[in-house]
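You will see two complexes here that share chain A, one where it goes with chain B and one where it goes with chain C.
What follows is the complex of A and B.
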């Protein structure tokens, strides 16, 4: 037994990769439809957007980056589909350099026009505002001083939607997509504290512990990466990629958990064996 | 798929496979893909920054907003760091950036990140729900004992020692929670890469299945 455990302790890590890859591929080729329990933060996220009164203004702060686009895309797409199905106004800006490209890619998947939305009247997108938290604060204080034109170079004063919107005081809800773990602090400090704006967050799984600390006091709800995307797809009956990703993740975790347990057993049995020999 | 899309899918798929080759061992294909990735990101970042300077500073400046010349000059001064003789001057824009950043941030730290969170936690203790009360109590104990762990002006003995030891357990629990979230996140990246390889590259680009 001890010999087996000692061999296990020295097993080539590539076996772990091979098992994980095989288990990950199975649900992608043939979706399993494993059961998913919708968590309270996701239920809150869905209901807050669903219950927005007609004409509400939603600001969408896009902070995705290319390297992490895959982990936030499904949640963002599900959220954008839900927003555009509501009678609300949508204003987006980006706090990451990759934001405009990624936001446009997601909007091309969602296709706001298919929900009867018109660019400039119902939704507008602005480019990247550099400066991190300073940019977030600037957009909350004065949108016109942050951007003089929209993404398509139309002067902000010529955009019908922006005629009555200029600061956080005109906004009912802010949704922030962030993948830098402490970026959720920006919205809490610059929108929630001074303007009491309702704040929803979308993030990757690894940044979830950061935003969870703000729930539900400062952040009213959040979506944790593809897990949140799957739950949103179930709640809103929105077809998407989240379910497949969740299946693959669930299976892919099996060898990791197994190896962690076996690795610990091997380590401790070797350690106690040596102590007994002494 | 258009021929350009097919070509781009093939390029992306080959680069993805080159990155995955690192799982076997370090090799030059992986390094090529890594350098391509870093180069593309740097190029895109530079172009986005130039675009941002043009739209948020140069264009309004040319339209008469002369005050914007100040941040533009300060921005250019950052590059003086490259000069041996004038490098000192780059500290002034850094000073402004750091000062503004801290000033913007500090105003709401106490209310947003300490008092607000603590108030919400304490309030849960009195809502009349046993589960929420116990949960809030654990958070409160964790908060206080974790803070006590970082008290370095007094030796960790007696009450403070006990509190710090309990705090260390909470810190370790927090680390493990963060680590598991990190693991799930990286697994998500692997899943997405394989979804691209199977659903886009093999099914759409190779087999023509839409």
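What follows is the complex of A and C.
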């Protein structure tokens, strides 16, 4: 037994990788379909968007990066579908270099025109503003000074939607997508504190503990990664890929927990074995 | 130019800009201050855009020199040439077809950049599995606390956790809402105080990093 445990402690990592790959693939091929209980932050997230008065202005700060796109996409798509189903105005800009391409890819999945929305009148996309928090502050202070044209090089003054929108004072809600754990601070400092703008966050699982610190005072609600996406899909009856990705994570995390337990059994077995030898 | 002047000029610029930004942030709304802040922040965005160009130029210089030094036949030279080729490809497609919003740019981005970045992230997951097995050993009480909280919270984050054992949902939520929020908020406040101290030292020209940059430059 102790020999087995000793071998276990020195297991070739390739076996761990193989075991993990098998467990991740299983739910993708054959979904588990486990019940998901909707958490309070997601319920709040859904109801805040759903209860927006007609004509409200929603700013969408896209901070996705290509490496985390698969993690945030489901939540973003579910959110965008919900926003476009509401009678609100939508203004998007990007604080990550990858943002414009990824946002356009998500909008092609959502297809705002299928919700009766018209580009320029109901929604507009701006490009990437470099500078991190400074860009967030700049967009909140003066959108025209941050961008002179939209993503399609149309001058901002020729966009009908932007005729009455220029700063955070004209905005009712800001939704920020971020995958850098401290990026939620940007919106809290530059939008929530000075302008009292309602703030919702979309992030990956690993950044959830950070945004949870601002919930519910500064950040009114948030979607915690793919599990948040799954909950949004259930709540809004929006079919999406969140359930599939959550399913894959179901079994993907199991080996990690299992290996932690096995690693500790092996460690203690070897440690007590050495003490007995002494 | 002496190091003192080199550090004095950036400090003066920083101080003047910072005074306007700080006053605007805390004072009641005054149109002219808002306009000045708007101009300063939009200038910062423009400067940040130029730093990206500078970054690209440094990348070309660094890898160009490496190719010259090591030669294309070496492993280092090969990697550098691939990096430069991809940089030239993306910039060329962007310039030739009218920016990053074109279908051509989207095509190469979604078929080169996105899969590579996703794979890199995916590989990290496997390293995490291996690292968790080898490093997450219950050697101290602190490690034990980290281990238990990490496992319980991870189980809360996947649907199978509450499905197998219902109380995990409340335990995971409790970890997120109380110990995590308490510790994170403490960290945020401590960082804020640290930032204020660094900002004040910069305004008084006492911050060493500014002086070191001036001396190095």
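Worth a mention:
Just so it is clear, the second predicted complex is superposed on the first by the 277 of 278 C-alpha atoms of A that agree within 3 Å, B and C clash if a C-alpha of one lies under 4 Å from a C-alpha of the other, contacts with A are read in each partner's own complex, and residues count from 1 in each chain.
Going forward, a residue touches a chain if its C-beta (ideal position, glycine included) is under 8 Å from a C-beta of that chain, and two chains touch if they have at least 3 such contacts.
Since this is a predicted model, take the numbers as computed values, not measurements.
Touch criterion not met for A:109: it reaches neither chain B nor chain C.
Contacts of A:244 after superposition: chain B is touched, whereas chain C is not reached. Shared-chain residue A:36: touches chain C; no touch with chain B.
In the superposed pair of complexes, A:141 makes contact with chain C only, with no contact to chain B. Look at A:209: by the touch rule set out above, it reaches both chain B and chain C. When the two complexes are overlaid on their common chain A, residue A:265 makes contact with neither chain B nor chain C. In the overlay built on the shared chain, the residue A:28 is in contact with chain B alone; chain C does not reach it.
Once the two complexes are laid over each other on the shared chain, residue contacts for A:20 go to chain B and to chain C alike. Looking at the shared chain after the overlay, A:255 reaches chain C, while chain B stays out of its contact range. Overlap of the chain B and chain C interfaces on chain A comprises residues 17, 20, 66-68, 70-71, 97-98, 100-101, 127, 129-130, 132, 134, 137, 146, 153, 185, 194, 205, 208-209, 213, 225, 227, 249, 252-253, 256.
The touching residues of chain C, counted against chain A in their complex, run 25, 34-35, 37-39, 41-42, 44-45, 47-49, 51-52, 99-101, 105-106, 109-110, 113-114, 117-118, 120-121, 125-126, 128-130, 132-134, 136-139, 147, 151, 154-155, 157-160, 162-163, 169, 173, 176-177, 180-181, 184-185, 188.
Per the touch definition, chain B reaches chain A in the complex via residues 23-24, 41, 44-45, 48-49, 51-52, 55-56, 59-60, 100-101, 104-105, 107-109, 111-113, 116-117, 119-120, 174, 177-178, 181-195, 198-199. Note for the complex: chain A touches chain B at residues 14, 17, 20-21, 24-25, 28-29, 66-68, 70-71, 97-98, 100-101, 127-130, 132-134, 137, 146-149, 153, 185, 188-190, 192-194, 204-209, 213-214, 216-218, 225-227, 241, 244-245, 248-249, 252-253, 256. On the chain A side of its complex with chain C, the touching residues are 11, 13, 16-17, 20, 32, 34-37, 39, 65-71, 97-98, 100-101, 104-105, 127, 129-132, 134-135, 137-138, 141-142, 145-146, 151-153, 185, 194, 205, 208-210, 212-213, 224-225, 227, 230, 246-247, 249-257, 259-260, 262-264, 267-268.
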